[in-house]
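Shown next, in structure tokens, is the structure this report addresses.
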Amino acid sequence: MLRIAIDKIDSLFDAIAEKQTLYIPVDREDGAAEYKKYESGMKMSNSLNTLRSAKDFFFPQTENLVEFKMEGKQIEVKDIREESEDFVIFGVRACDARSFSILDKVYLVDPVDSFYKNRRDHGVVVSMACTRPAETCFCSAFGIDPTAPEGDVSCWNDGSYIYFEANTEKGKAFVDSISSLLEDGDASSLENVKAETKRILSLLPLSNLSTDSFGGDKLNEYFNSEKWAELSESCIGCGTCTFVCPTCQCYDIKDFNTGNGIKRFRCWDSCMYSDFTKMAHGNPRISQLERFRQRFMHKLVYFPANNNGEFGCVGCGRCLSKCPISMNIVKVMKALEVK
Amino acid sequence: MQRIGVFVCHCGTNIAATVDVKAVAEALGHEPGVVISREYQYMCSESGQNLVKDAIKEHNLSGVVICSCSPRMHENTFRKAAAAAGLNPYLVEIANIREQCSWIHKDIATATEKAVILGRAAIAKVHLNAPLTAGESPVVKRALVIGGGIAGIQTALDIAEAGFEVDIVEKEPTIGGKMAQIDKTFPTLDCAACILTPKMVECSQNEKIHIHSFSEVTDVKGFVGNFSVTIKKKARYVDETKCTGCGLCTEKCPMKNVPNEFNMGLDNRRAVYIPFAQAVPKVATIDPNYCMMLKTGKCGVCSKVCSVGAIDYKQQDKFIEEKYGAIVVATGFNPIKLDKYEEFAYSQSPDVVTSLELERLMNAAGPNGGTLLRPSDKTHPHTIVFVQCVGSRCDDSKGKPYCSKICCMYTAKHAMLIREKYPDTEVYVFYIDVRTPGKNFDEFYRRAVEQYNVHYVKGMVGKVTPKSDGKLDVQASDLLANEQLHIDADMVVLAAAIEPDKTARPLATMLTTQMDTNDFFTEAHPKLRPVESATAGIFLSGACQGPKDIPETVAQASAAAAKAIGLLCKNSITCNPCVAHSNELMCNGCSSCEKVCPYGAITYQDKEFRMPDRTTAIRRVASVNPAVCQGCGACTVACPSGAMDLNGFSNSQIMAEVDAICK
Amino acid sequence: MQVNDNKEFQPLIVAFCCNWCSYAGADLSGTNRLNYPTNVKIIRVPCSCRVNPMFILRAFQRGADGVILCGCHPGDCHYTSGNYFTRRRMTLLFSMLDFLGIERDRTRVEWVSAAEGAKFAATMNEFTEAVKKLGPNRRLEDLRCKKQ
Amino acid sequence: MQEAMINKAKQLLADGTVNRVIGWKKGEFVYDITPAIFETAEELDADFVYNEFTAANVSKYLVKESKKEGKILAFLKPCDTYSLNQLTKEHRVNRDNIYVVGIPGGPKLDAEKIKAKGITGITGIKNENYTLKIETVYGEQTMPFYEAISDKCASCKSKKHVTYDELIGEDGDVLESNRFDMVEKLENMTAQERYDFWRAELSKCIRCNACRNVCPACTCEKCVFDNPESGVENKAASNSFEENMFHIIRAFHVAGRCTDCGECSRVCPQNIPLHLLNRKFIKDINSLYGEYQAGEDTTTKAPLNAYTTDDCEASIVHERGVE
Amino acid sequence: MNKNLQEQVIRTSGVNVLKCMRCGKCSGTCPSYDEMEYHPHQFVYMVEKGDIEKLMNSKSLYKCLTCFACVERCPRNVEPAKVVEAVRLAAVRQQGNNHLIPDQIPDMLDDDLPQQAIVTAFRKYTK
């Protein structure tokens, strides 16, 4: 298997960054990790995951769609789309790696979202297998194996070396482009690492979380559940869960009047917000209960109903640690679960 | 879609000389929503206004922008024109391209560019203007006159004559003011008392007029048509209703050495006193600073001699509250203090006096019974020097910057009277300019020179030095003879500058009216609204607005009365529609707005609302009384949710202006 | 911001003036032909207390390089107390902008009476110079609003 | 304490004083505690929790709850009572419908601080003599208790309950706190340093509105930033200006009303020290207009709704501190 | 009229002669009035007109005691003494015009005159 010694990883990053933009997770001063554009000397974070998910690379929080220039009474419409540059995201965890395929199911089906596709086509996802899962992790519940992450290229770390395996054409091309820096080596030590990780996974408090009772077939039952009132009662209606979530994909389109013209942009929206999907007649979901229900019904019921049973959650656990009032999908699943 | 008309005024060359008005009209014509853009010589002229009116009708305009002089000048003119053409007057906005553009800039290119930007801002604002309708509020049919001098008296008489109740608040124990202290009046030389006292009596006898003497205004609330005023009736320790004004107490009081302010301190009065014989109300007043009974509890002579038992040592200040539709300010003037002008030896020699002191010295009711005697030795003065412009026309650091206006004439009067009564007395008047515009004024001055042989010397007195022989060495320059004079004078009379009364400034704050830097009240317009303050319902009478002689004061007093009567005649007045209003759906009921409202215009109610989640809820929401609100906008910023907004200056309008300017 | 080719930086100054004192003071400086730069653009408000901090930030967002707020002298407010509230609000707002590292000289409150035409012109000259020295507003700018 | 609280709640439910109880409900882990409303003794027994992780300030929920039928029992920590008082002052809650039981406050712990030590896979946390014994799937770990104290409790301003109907335990005192230290440190930096500091912090903002939505002073029916009519509405922190605008205006809107409960910083998913903005206003207000503690009572005028004729001029900003 | 000289005098004096309202109080107050050919108010007026040379050639220049009475009492803050001083400076600065020669000094001496005054005067009036 192709590998590189961990102490030489910097030279690998330098080599990649020379050809294209490279993003790696780095530690911030406050201890949280975030993706940063690689510059020589940056150290890759060892933490389990980044505070914000990796979806920003393909679906950024705000993005301009079109511009209208106004000169007196004349209006000119400007298409501002540009071909994206090639880039590499390094160190994506299995949960986030899976989230891209969920986003693809939304944005790459007809009608294809050209802005999303443009980025997707130019981005190489290099994922990294987990070794120290946290108590908030529950990716296994969604069939994700954190020791075998998806992505264009998968990587493993045995403490001394990082091993590479290309999964796609794009991935192969990428590995080829850096092959001069890699060596072929024995990957047997990885088996122990994977086994240990799996042992830990089985000890995690959420290891027994089951998705069995969710999916598209019990829509009405869940929709009408009496539990929603109690579950949503303490929700403060902020957007934290949706904004840290790697799979939340809703956006709003807004116009910004610059004084000289209009910039039409889209930005992440949150179903927790009171003006979510507000239309001319008003808002279809008028209470926080309905908005709260929407988020979880979407992930656990509507999404699998439309996508062959695939759930709209990857169990990354970000919402578990970030919700201001500690209400989250796990608590919802456990409360709604039909035993 | 808006249909906006833009009209750019040349203002003759006032604007057109520095702003390319054609280019402005052209540029603004391309703005979104503008359907017509014209320029014209004088937009405010009748034909200019017709241009606007015709365009409104012809193009069915939904908004009008006039690029012209300051909105403070002609906003109302154009609003009225719009209204006449059927457009809501509040759909008119003014871009100030004269005072704030053409007059301050010299470069045509940049001034034109700025004019276009100001025009754009006005267009951006008018896009968001809403038609406003003025509400109405009732008028209390009663007027308050603050100050009981000749100005206040005349105003009160005129208002009472028209059939309205009037209250006069006078801080002294009697009305009459400065005119009561004056001996003769120019240019007719008739006796001031003879023409003033009948008016004072008329005031006291007119049943519509109520005099609050020895009283002060302590608080003013409310607004035009509906002021609520608190008046402090200071304790005079004499029951006004009982005192007959017999004056016995003022003769028996053992405290004899109280400086008599009516005679400018040139003689003494008692601790209980009536300022002068013709005082109105003719009621005694006890001066608590000197009365032994009030200070030590020992005496009580006045109480013993008073046959009607009017003396009341226990009297307290009393506060009364009254409602008025209009308030007339007539607080008058005082001569300035002369301690800054020691070169004239005012504090060194009793023979250096102010003109007002001279009035008392020459007055039959004055300290010398009308015979002019030197204060120092009571001898007849043979040489008298008058010094003009003492403290007037000065650099700010040296005195008052303005001309006190009355000094030239009263000095001519004094000189003439002295020469007539004492032909052996030489009179010198040192002047810078002799200013005598006024009917029969210059003739009067010439008479002093030609008929009475008063020596008018062009020049200024530099120094007055008291000499050991009791004379005063007056050192002065005679600019025409180009020589320095030394005159041995017996008396020197200083024409001290006049200044507004000290009570005017705090009163202005209570009334929320403006004053200039000299503490004269500012009129709403220097030419077109000279007797009104900028605050609706507050009128200005007499010298509180600027230096004036008696005829001018009386004229203004009557003018102010006419304006007040015009207001009081109405049953209700139209309110300013640019007032705050609360969007009840967004209001939190937090009371922030209420706490910053200076008028108490905001109240709260519990109302039932249908909430976004289709439940009903009782919520506490603010509502604004549009008749009370004056439209300052303090509440709009105190309100965190933006529920409170201001008509005519809404958040969105101001932000649109900001955007247009910063574009 | 207006930048003419090769010419010195011309800041855009937004001046909020209360209708009763400062706007009249600005008119007076016009009546007396007292010059101040065209950089200054005045917005009339009924009282300085009408000025919401949001307006000030808005001006910076849209391209202003300096914002000055003028009102009646304390004690002379046409509405009795408006400028006292202004004084507290703006003191705190400016202190906050300073706390965030925004240049202090970009904001100012000045009391100008209706009689102080000369002071108005002098203040505007002085403020424009001060902002000129700071250069274009970068720390509170919104790049979207830059004219391309 | 938890025991006493449950008993008190049961008693007040039983005697009809209240029909609901607002408190905290236990979660999946030891630290993920959710504010919740309990209606029966059974619910209390099953889920009510009060421990080192019950940091959430429940007073804001009372805006809605106090308008409902019947009285609600609210367990309030000292800092929470300030929030309630402020809400009462602003007529946002119906105090008559709330039965306040004052309970001793912190120090509360912040799970993020434990995780920041690299401790993960947490299955249990015990406080033994101010040493935290943390059970994890990777084995037991320890850390000093004080290192895990949440920021809001580390600079606690008061242990006194300013409003209550009943107390469990002793009432405390207003404390001399060090809460302005960081503000002062920033004030003493250069403008460029301050700018860089705040740019680094505020650029993290994802505009999730957690700070606003959790803030007991932000109870507007509709926030200006959510209202398209307001002209400043914005859903995303599109650029540095929007980030500044939102946080400056939010701080300004709560200036003189913020009780310094620290919830904004506690809930910020990006760990932005938002409370520093509020504390800057509090510090300025204290030094310029006299000591003022929002929520201390229900009658004093808020400093921005009041004035004195001899207040300092805005130019004081130019005259003090570091340029 | 000499524009350059006028500007020099106005600049060095720092006086705005246009503020004068021609009241003559300076001359009314001047203790050296009778000694002077041109009086304080004339200094101000002639500087305004630009009639500087006449003043420079006049002995009045050296009669002003610089007592500042005119400055103190001028209602308009015109400060005539500063104008006189500025004209004096203009005269002193003229090349080659020594207004005091050492030979004159012994005649001027008396017991009350401080030596410092002689030195100052010499410095002031010679080039």
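Should a chain be cited, it is by its letter among A, B, C, D and E, assigned in written order, with residues numbered from 1 in that chain.
Keep this in mind: a residue touches a chain if its C-beta (ideal position, glycine included) is under 8 Å from a C-beta of that chain, and two chains touch if they have at least 3 such contacts.
Please read these numbers as outputs of a predicted model, since none were measured by experiment.
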item: Fewest hops from chain B to chain D - one hop per pair of touching chains; value: 1
item: Chain pair showing more contacts of the two, C-D and A-B; value: C-D
item: Most distant chain from chain D by Cα centroid; value: E
item: Relative to chain A, chain with the most remote C-alpha centre; value: E
item: Interchain centroid distance [CA atoms averaged], chain B/chain E, Å; value: 46
item: Where chain B and chain C are represented by their mean Cα positions, the distance between them in whole Å; value: 31
item: Centroid distance [mean C-alpha coordinates] between chain E and chain C, Å; value: 47
item: Touching two or more other chains - residues of chain B; value: 596, 638, 651, 655, 659, 662-663
item: Chain A: positions in contact with at least two other chains; value: 256, 259-260, 274
item: All touching chain pairs, where touch follows the definition stated at the start; value: A-B, A-C, A-D, B-C, B-D, B-E, C-D
item: Chain A - residues contacting chain D, complex; value: 30-32, 48, 51-52, 61-62, 132-136, 200, 203-206, 230, 233-234, 236-240, 242-244, 252, 254, 256, 265, 267-270, 273-275, 320-322, 324-328, 330-331, 334
item: Chain C-facing residues of chain D, complex; value: 183, 186-187, 191-199, 224, 231-232, 238-239, 241-242, 244-245, 248-249, 251-252, 255, 277, 280-281, 284-285, 288-289, 303-309, 311-318, 321, 323
item: Footprint of chain D on chain B - complex, ascending; value: 585-592, 595-596, 604, 617-620, 638, 640-643, 651-652, 655
item: Contact set on chain D toward chain A in their complex; value: 27-29, 31-37, 56, 60-61, 111-112, 115-116, 120-123, 136-138, 206-210, 212-214, 226, 234-238, 263, 266-267, 269-271
item: Of chain B, residues touching chain C in the complex; value: 70-73, 96, 98-101, 103-107, 110-111, 113-114, 117-118, 121, 508-509, 512, 514-517, 522, 534-535, 578, 596, 598, 630-634, 636-638, 646, 649, 651, 654-655, 657-659, 661-663
